[in-house]
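Going in written order, the chains are labelled A, B, C, D, E and F, and every chain counts its residues from 1.
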Amino acid sequence: MHGRILIINPNSSRSCTDGIAEAVAPFAAPGLPRFDVTRLTDGPPAIVTWRDWFSVAEPLCREVEREEADAYVIGCVSDPGLEAVRTVTDRPVLGMFRCAVTAAMARAERFGIIGFTQKSLPRQRRALQSLGVEDRMAAWIPLDLPMEVLTDPVAPQGRIAAAARELKERGAEVVILGCAGMAGHVAVAAEASGLPVIEPCQAAAAAALLAVLGARIPSVAI
Amino acid sequence: MHGRILIINPNSSRSCTDGIAEAVAPFAAPGLPRFDVTRLTDGPPAIVTWRDWFSVAEPLCREVEREEADAYVIGCVSDPGLEAVRTVTDRPVLGMFRCAVTAAMARAERFGIIGFTQKSLPRQRRALQSLGVEDRMAAWIPLDLPMEVLTDPVAPQGRIAAAARELKERGAEVVILGCAGMAGHVAVAAEASGLPVIEPCQAAAAAALLAVLGARIPSVAI
Amino acid sequence: MHGRILIINPNSSRSCTDGIAEAVAPFAAPGLPRFDVTRLTDGPPAIVTWRDWFSVAEPLCREVEREEADAYVIGCVSDPGLEAVRTVTDRPVLGMFRCAVTAAMARAERFGIIGFTQKSLPRQRRALQSLGVEDRMAAWIPLDLPMEVLTDPVAPQGRIAAAARELKERGAEVVILGCAGMAGHVAVAAEASGLPVIEPCQAAAAAALLAVLGARIPSVAI
Amino acid sequence: MHGRILIINPNSSRSCTDGIAEAVAPFAAPGLPRFDVTRLTDGPPAIVTWRDWFSVAEPLCREVEREEADAYVIGCVSDPGLEAVRTVTDRPVLGMFRCAVTAAMARAERFGIIGFTQKSLPRQRRALQSLGVEDRMAAWIPLDLPMEVLTDPVAPQGRIAAAARELKERGAEVVILGCAGMAGHVAVAAEASGLPVIEPCQAAAAAALLAVLGARIPSVAI
Amino acid sequence: MHGRILIINPNSSRSCTDGIAEAVAPFAAPGLPRFDVTRLTDGPPAIVTWRDWFSVAEPLCREVEREEADAYVIGCVSDPGLEAVRTVTDRPVLGMFRCAVTAAMARAERFGIIGFTQKSLPRQRRALQSLGVEDRMAAWIPLDLPMEVLTDPVAPQGRIAAAARELKERGAEVVILGCAGMAGHVAVAAEASGLPVIEPCQAAAAAALLAVLGARIPSVAI
Amino acid sequence: MHGRILIINPNSSRSCTDGIAEAVAPFAAPGLPRFDVTRLTDGPPAIVTWRDWFSVAEPLCREVEREEADAYVIGCVSDPGLEAVRTVTDRPVLGMFRCAVTAAMARAERFGIIGFTQKSLPRQRRALQSLGVEDRMAAWIPLDLPMEVLTDPVAPQGRIAAAARELKERGAEVVILGCAGMAGHVAVAAEASGLPVIEPCQAAAAAALLAVLGARIPSVAI
């Protein structure tokens, strides 16, 4: 078999889970590991508070213990439970936020983030601290839109375009979409800002491919 | 067409170029962008000094101006000419070192690097400064072996294993192979240290896939 | 009434809870807020893993919602659930680790920490990152002793003295006892190192008194 | 005896000295160390310049050599002479500014400071550098009011409220009153900003209690 | 002989080269090393892009190999080729930008830079990273004037004065003229801002004198 | 007149004062500002403690108020009273330590310091913090020799050579002599380490020349 990458969405939203699957679809190809996307059916509708963030760690650990995979991705752009999940498996475990930030850093020196709501900042800030790159964030701009508006094909375009433009004015050289719910709006942010745009589901897909395929390189020693 | 990722090895070594091609081969798949690997036939045999490092910037710019691609990778683990090449094309340009370091950061908080020779440290240190993560490097250990020994299937294994173990003792949580010439020794470093190992050619391959496929996500707006 | 400070030990150990009560006893006085110490009867025997650390956040929130107090202290030297608990009450919520580190910083520029076990480092490191003072830690030395040995009046004295001395040699100017289980060994660490020693339960008691009494200062405006 | 904490106001102002005594009064209780507050009768009327700041170091050393105490507090929110005074006694010596900043850090990640006058910034910035947390200050806003206005029960309320609100808008999560003269305005700043407010005299009182009582914890070894 | 300090202007502009000579003239004196100023006749008219910046490294190395001197100065305020040139001679090699920034730091804690054009920022930022003082730059303000306007005795005065004033308002305590072409405008920037002004050609002259004369101090051992 | 640079040695040692004069002599030349070196006759024999350090600030201010000069240098490698002296004159005031560290940074990325005694470290560390470059110090090695031994032509050579070599091994790329008393041993440190050596008296002389001559550049506007 070619391997399996399991993306676990810690919230229970089916539409959000579908959006993740759609975002990573371009990375699926014959002979490469396949991407499966699942969700915590008993999880919160979204990870909106610190309490939500802590609450999904244990269910994520159990899901990983239950489900065999070659690599796991925590499918929320605040990396809930990452440290715990890494202790229950020997396989690589990735967080979408860390994957997005590091992917952005490979493209430019200063990144900007479009946040879901003001409430999301402290959790993303904590992850930036763990990466040691808090001071490379040029700006963080929340949309504060309801999830259903955010995932609408058209409704949030103006707000996303405006945020992307403002991030550029404030020194961002690359834009990170700070929530999986914005996955459909990569083009809008890119056109508005003229900057590269990093979509976290895709950044995690690329990182997971590296984690799985990297181990496959034929050792010249054999 | 499915797109083309061009990896340009700034040195003239054919064997080094072949090693890069071998390292990225696992990332090739039907429907995904194809990887082409070329070299600067007039480049130095290896990038060993600052003078070598500066000298390849202009030839790299010319090669990129000559060759159409959807993304470019500078195929040396010191990212020579990266800033210049980014000014001559609108397409994404990636450096193998920055890709490797950021990929390592997605896996753990402290990384260690096995260097080619002591002489390589200043250039990698400069790139770490540009990323702002100099203090996340637990240790940097050079092998100081001739390239032909380094690329030998067996000869350098003991040295690489010892370096990987020492990096772990000194606090590294992930190991970066600091030269494309070590691409064949991922397994040795991984077994010796028990840590994830990042191979820069592959890290760049994954980052390039993200850069090309990321732009392909269907905008929900259309 | 004079106010109540509730210290919640997130583990279920009765002896550990008693040790906390003993450590804060000197701060109790007529007219000052009283200290109550409780525990999570369903909590883990100790917070040893990331999984333990995440698991107590929700029970801590519920306990705080249940119990009226003028200030709350999370009684574990890794501050589990701190961010979550702060969202469920308007009253001050303190973490013993953050209180100990900041108290140490008021005494000297470089601190050293005697850790419970090697496993505790990542959680304390994360909290240091949130404080932005990771680079002020001169050294972190784990004892790796079983809790029952650690809390023994005599058994761990040699190890604690040796660790305190080594911290000083490595540049520490103040010593932090990194686990509530060491509360009884302040004198040993102080005598061995000749440095001030910060005991986290007490550091939290002082910080809680400030949080409660600080609000009591008569406004000159009234 | 229960111990004595001596707070030395390095300026000669009687009203400022009384204000300090009033601020720490809530921390006095039967059985706890008593707080005595004195002043340098030959000191400057206030510490307004670098020259004032340097000039009080020697008199502070002499006062500490003259006066027995279990802990000393330098009663000015710029910590003048702290390093020198620490060399003339084995007892703990605390600076009000360092106590206030570290107390604020135990409450939140970003603090803001309401300064006495623009002239005070360089000295507080130097102390922040010694703590290594300069980049955790969200903003520093001076009042530039004469001391008699600052200590008036009513006059400065509008300015203090406005400053506290602005600190919050600029990212502060906790407010530090940057001069002992503002001790009476804690409530105003708290109500205006909705943030916790740290008053340095009180922060130093709590830190001094910890320094004195901390040494009192019965060693389980005896 | 009294020694020779060779300043090599990496661009081909004769007027720019003359401006450098004029700026360092006050440092020439009997008995001290003499300053010679040369230029790369085949260099670009100015160092405006990254491509220009990389392109002059090799010619600078050759010039240094050709020309005997006791110390060398790279005469452009972006330090092109510095690392490479240092490998081709045992004599001290200085970059005007690093000399200017470090000279400014000897005068005050926060510096501001008046840049040539917006395009110059990334190269100066990279050098600041190598010095580790990126966060000490209060502000960077480009003039975006053509070189012929910049070097005009009168034309750019208003813009330079305005930039100097704005740097002060944004926290700069010392002003750095970010391009040799501004050498004639020291007085304007100083009068407008009331701050010390560092002119890079002169800062490099002083650093070169130190490098040459420093080795001349009679060893007491002989 | 050609201007006067006044170097004030804050200690009362005549031999130390003579050593400073000898160190800066090579910088004197016809037409350039002249260097005068004086001392605080009532100062301590040396600046050995924090108390000494604070005590000379006021006398230094008075001396500067008394003595006309175009620039002032505080002649001790711990920059005592620098902030205060800068408030009593409009002329440039330099500290030997800051001048030495910044001069070293113009030469290389990592510096090492040979200290007078272990007691000197905290004051030099505080100055490094004010410069924001504490983490660029590869190592700090004290000699702990009596001043009369340190200034002996021969006696301390072995110790200085050993310290310089160790600094290099620990990553220093340039060596700073951390006390004016070592001024005669530049050659020894340079030969032993093969690194550039910065002598603070001379670094301050060069910085003072820049401060005085810099203002002399003819404004093109006139």
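The criterion applied here is as follows: a contact is a pair of C-beta atoms (placed from the backbone, for glycine too) under 8 Å apart; a residue touches a chain by one contact, two chains touch by 3 or more.
Which chain is which protein? Per UniProt: A, B, C, D, E, F = AroM family protein.
Note that the structure is a prediction, hence the values are computed from the model and not measured.
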Seminar exercise, completed: Maximum distance between Cα centroids and chain B (AroM family protein) occurs for chain D
For this session: Specify the chain most distant from chain A (AroM family protein) by Cα centroid.
Result: F
Problem set entry | Rounded Å distance between chain B (AroM family protein) and chain D (AroM family protein), as computed from the means of their C-alpha atoms | 52
Problem set entry | Centroid spacing, where centroids are CA-atom means, of chain A (AroM family protein) and chain D (AroM family protein) in whole angstrom | 44
For this session: Express in whole angstrom the distance between the two chain centres, defined as the mean CA positions of chain C (AroM family protein) and chain D (AroM family protein).
Result: 24
Exercise. Using the touch rule from the top of the page, what residues of chain F (AroM family protein) touch 2 or more other chains?
Worked result: 109, 122, 130, 132, 135
Exercise. Contact residues on chain F (AroM family protein) for chain E (AroM family protein) in the complex?
Worked result: 22-23, 26-27, 29-32, 92, 94-95, 98-99, 102-103, 105-107, 109, 130-133, 135-136, 151, 153-154, 157, 183-188, 190, 196-199, 202-203, 205-207, 209-211, 213-222
Exercise. Contact residues on chain C (AroM family protein) for chain A (AroM family protein) in the complex?
Worked result: 49-51, 53-55, 57-58, 61, 81, 83-84, 86-88, 122, 126, 129-130, 132
